[in-house]
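Consider the two complexes below, in which subunit A is the common component and subunit B and subunit C are the respective partners.
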Partner chain A sequence: MQDHSTTFMPPDADLERIGRRGLIVGIAAAAVLVAGAFATGNQQQFFRSYLTAFTYVLAGGMGCLGFWLVHLLSRGQWGVMIRRILEAGAKTIPLLGILFIPVLFGLHSLYEWSHKDVVAADPILRHKAAYLNETGFLIRGLGYFVLLTGLAFVLTSLSRREDETGDPAVSHRMQAIAGPGLIAYFILLSLAAVDWMMSLTPHWFSTIYGFLYVISMGVTGLGFVILMARWLGPEGKKAVPFQDRHYHDYGKLLFATATIWAYFQASQLIIIWSGNLPEETPWYVTRLHTNWKWITIAVVVLNWALPFFLLLSRDRKRRVTRLAPIAALLMVAHWLDIHWLIAPAFSPSGITFHWLDFVAPVALGGIWFWYFTLQLRKRPVVPVHGPYLKEALEVSHAH
Partner chain B sequence: MRTEKSPSGPWGVMASFDSPGQLLSAIARAKQAGYKDMEAYTPYPNEEVIEALGHHHSKVPLLTLVAALAGGCGGFALASWVSMQAYPMNIGGRPLMSWVAFIPVTFETTVLAAGLTAAIGMILLNGLPEPYHPVFNAPGFERASQDRFFLCIEATDPKFDSKEARSFLSTLHPIEVVDVAP
Partner chain C sequence: MSTVFDERAIPGVPPRPPILGEGQTPTTLTNQISEMPLSPPLKTPKWWLAGFSVAFGLLTMFLFIVTYLFMTGIGVWGNNVPVGWGWDIVCFVWWIGIGHAGTLISAILLLVRQQWRTSINRFAEAMTLFAVSCAGMYPILHLGRPWVFYWLMPYPNTLGMWPQFRSPLIWDVFAVSTYATISAVFWYVGLVPDLATLRDKAKNKVARVIYAMGALGWRNSARHWSNYEWAYLLLAGLSTPLVLSVHSVVSFDFSVGIIPGWHTTIFPPYFVAGAVFSGFAMVLTLAIPLRVVLKFEDFITLRHLENMAKVMLVTGWIVAYGYGAEIFMAWYSGNEYEMYMVNNRFHGPYAFQYWSLILCNIIIPQAMWLRSVRRSPFWLFIISIIVNVGMWLERFVIIVISLHRDFLPSSWDMYSGTKFDVGTFVGTIGLFLTLMFLFIRFVPVVNMFEMRTLTPQATAKEKAE
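What follows is the complex of A and B.
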């Protein structure tokens, strides 16, 4: 059934080359990270930097899984061309689970609620101890990764069967799983955001926080997908015949995702500001009334205001050479976003950046990227028997 | 205002096709033949036809952006003026200039101004309302909203000659070529 022109083999040698480069950079940075932690003797800083980097790099896997679920659920041609990038990203979740392990060793350095004496002296933490305790943290963390890995693997094996048989029933089955899968995805990652990030300031709470983190991962993940789509496309290795209209779709999606991030941020601020309750406002007092406010402004400008106006232009969304720099900008901006979510918990009086904060994401990102390329090399670069492939490949006549 | 070359002649000559592909190649051929004033009619919006006709750049997005910015600034200014000048009130000890509280108003006026401008601008820039248009005189034109694709070369074209246009359109394998009465 497959002739040579429709096999869409991945550019194996090139993927191996950039993957190896990622691995070398990642391992070198990891060595520097560990050496730096021992040399400075600052174990606390190591875990803080590591947690920020881990929650940031998680977007590579989770962002891809999220958009894959949305595409499976909504169907249509828009996601067909990037589906293999999304699948490869989703298959990295087990590795991300392994990268989570060091966080478990840093519980006492990171989380106030992990100290029994602090909890005993604090009635609010005593009240929350039923949820915020070390065993619960461990079991839930394991649960998030097991369930999301399971979801990704069920879908991946169905996707492989779709490639082999082209049976439309398999595609329908994937769609049927994607609906409940997407709900589970949001619930699990919302809880993960509560456990890993929100509980750094254990008195404070915000119900939209989990969504905010999931959307942030969506922007980072989609930015990465766009960079990969540029690399694989006609401007790069010419492995996938992307057209301007495809890039246009990803540009629009990036615009929408960045904007919904801003919408959630505004929602959280307006609600907490209006309520003006003593247990809710400290989070914003730290971020708006110390010199963190400059980082707050940078986060809003770089994650929303600037890309919003840049992405209004139709041409900038259609030409991937112009879209890719904006995608890269948003990826960096969301690293700052995650730093802004986490670091003020450790340094409420003012801005802090440690050099390990910059090394850790390179270490985790490099290793993750190598694993991602391994996954991408295993399958054809487009779903050869997936629905809507023919429509997606159709060349528009107008050019 | 349209100035017609021969006041007694037809408003244009129209060919009908079965598929958007045929229409697209007809547009390309007509352009090659040197025709400039032409318009296509399709049962559903087709981006490729729009691009082939060269109708790419519309003023609606720019108008919408200007209106959105004006609406946003206006809403924020209104909220600030009301809270600081017109009705200064102490609400829970908050400062009079409480910009956080003004975000919803700013957002709403931005969307309102942008939405209205996009809709009204689109209608006006399309030349609507237009109670009479000669194109509806073409026999069978009602199928432009069903299953036919039409290409009309208009009499305003400098190269227009109704006989020549008819014979040219006939070479494009249309279903039918008709004159459009003015």
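What follows is the complex of A and C.
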């Protein structure tokens, strides 16, 4: 195996290999998904599984973009070593936009408010029709992807210029864009969460829902980044000289985001449970008073309780071979989290898992991963002329 | 990919702006910081005497008002039906919010390795303690029978009385008292090595004995330092969840109820962000004059002011997100009470307060996007005062606008604070400032031993090793 650690060139052949694998698995799963939809004749289930997979895989792009923006804004050393992973992730947003298209064909299978007769008979939905309507859904969906793709591309082109020239003004420019960018990011994705997920239960509302979805994507995205950092690092392809202190930072960040997720979830539950209002409680009645409650328990244990105690250990955060399994666990757990947010809307009486639910994320995830590797192959694996690289590379046993 | 990267071409760290002013050595900064606590009584600066007199005067007024309040009852305040909570809880939440910056600076910024916290953590923590003391006054004053405040605690008794554990008001008792305790311990632990320095430098015998008692036998041994570092880190870890929990619990005081404008799920993070926003505003309000009168421009530099302004921008935007989410969801919910509440804020009798709040908390702080404003002590001082006002108005808007028109239109009424409400509030400001002046006089305002590690000498030694 070639040692890339002094050139910072991406391990091209390896990336191509795993990317190709992702593509093959993805396409095969996609074929099974489509064939399954036709074979079972269950078009509705296809769209439900697809929506869950789409909103989950979106984390790959959006989670990376979010952390990249935070890094650019705070100029923390922690982000230097993973910046290229974040950038490659952010550059997959246009692909995610394309993967959004099938959802548009499934509106009638997914969203109650897209049926005119239902809306006409329901005064609340009539009121909401100004927002929850097909044209609005389409235009907003387009808007989210165009704006966030634009943001990712402006930043990437600046980043390329930084690589070429090393001009500190470019780095400052990126920081200046990241501030308003982060604000736009939160607003757009919060609205997206309302459109795509919250409106599945069209009467229900919760002001923290946008934050909940964004933080969930943050955990999934960070889990993926940690797995990539392990693969690229000294334990893997030796392309990026990660040190234990870097992994320690990612472990702490993972701990913090997972805990913030739990904090948001707890806040929402306490407030709605205590208020006990008929327009809010149905969402929880489904999830706590049917056999969905077992999934609810699993979601809490896997997304927070278990990783919280595992990540308290300093050693487990510093050694990537021990951190990576926790990151993988959280990625799976957040798939369950998204399923738990979406599926009860379709099956309020009890747990449902269709086999397409498991195929769809593999299909989208595989294709997405291939596209991600293409992006990662294009540039050196660390920002070679970015600020603070030297600081980040320094061998130190501090912290 | 043809370009092969040459490692020698890695640019050095573009100078992160220095944290300290130039030319500071461990000796100069220790001397400068310890000058105030060690100056003899007769050499107390005039500005301190003047400021302390005013603050103590206000505190005395507070004593009169509280005495009158206890003799007469809380009817002297403007509280009425339906507005059963008025200035008292507005000010309670305002003070608790201000108390958030201290622990955020000392705990969270420590954990994320932000060295610039060193110059401001000591007095931000002191500010936290004093602000929480002021906040703690209000629930007790509002009890009507303050002498039975201990009924809030669950303890076995013959009265057959037990607190309602489903009520966030009882969670508040635990959250705030835990917060006050941990903040005090954290502050004191961080003070011990500096008290030892004062003990060693003090010429006056009385001062030496008092500082020696405070220093708990600190002798600068390696073992002391090792224990200290661990204790401090663990306390930081313990304090971090408290930063979130206290104001989340305060937000539950409102949000678990079903009053429109109170009952909304964004409240916990939005209250926490608002608390940090107001806390940093208050740190700026205090730090900007303080660095001038104590001549601490080398320690609390423009970089510190700029960083604090950035934290305010971030938290200010989270607050703005909260306002936006409330308005959007009120409409989206299709719930007539929610929509009426928003409409009442926009156009009702308290619309002036609402729009002033938007002006103070959202519009004016946007000036901090400009680097020139972030680095201008004058403008930051003005903005920090405006944000302090804005955050007070925010609590007023949330509490009074939602309560004054409840579900029963026949009980609708207007509310305004009386002179006793104002007096109580100004009185707590007097308490706060009195404690602050005493702190400035007797304790090093800036952490001396941590600041020494930021001098060039400290890093030179590290590199030599």
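Note that in this section the second predicted complex is superposed on the first by the 389 of 399 C-alpha atoms of A that agree within 3 Å, B and C clash if a C-alpha of one lies under 4 Å from a C-alpha of the other, contacts with A are read in each partner's own complex, and residues count from 1 in each chain.
Assume a contact is a pair of C-beta atoms (placed from the backbone, for glycine too) under 8 Å apart; a residue touches a chain by one contact, two chains touch by 3 or more.
This is a predicted model, so every value here is computed, not measured.
When both complexes are superposed on subunit A, subunit B and subunit C occupy overlapping space and clash. By the touch criterion defined above, A:H127 lies against subunit C but remains apart from subunit B after alignment on the C-alpha atoms of chain A.
With both structures placed on the common chain, the touch criterion links A:F8 to subunit C but leaves subunit B unconnected. Of the two partner chains placed by superposition, A:A39 touches none, neither subunit B nor subunit C.
Touch criterion met: A:S206 reaches subunit C, while subunit B stays clear of it. By the touch criterion defined above, A:I270 reaches both subunit B and subunit C. When both complexes are overlaid on chain A, the residue A:V395 reaches neither subunit B nor subunit C. One of subunit B and subunit C touches more residues of subunit A, and that partner is C.
Taken together, the two complexes place residues 270, 274, 276 of subunit A in contact with subunit B and also with subunit C. Interface residues of subunit B, counted against subunit A in their complex, comprise 21, 24, 47-48, 51-52, 61, 65, 92, 94, 100-101, 103-104, 107. Residues of subunit A touching subunit C in their complex: 6-10, 12, 76, 123-124, 127-128, 131, 166, 168, 179, 183, 186-187, 190, 194, 203, 205-211, 252, 263-264, 267-268, 270-272, 274-277, 279, 377-378, 380, 384-385, 387-391, 393, 399.
Across the complex, subunit A meets subunit B through its residues 266, 269-270, 273-274, 276, 312, 314, 396-398.
Listed in rising order, the residues of subunit C touching subunit A in the complex are 1, 3-5, 7, 9-14, 111-113, 166, 244, 248, 252, 255-258, 263-269, 313, 317, 321-322, 324-326, 329, 332-335, 369.
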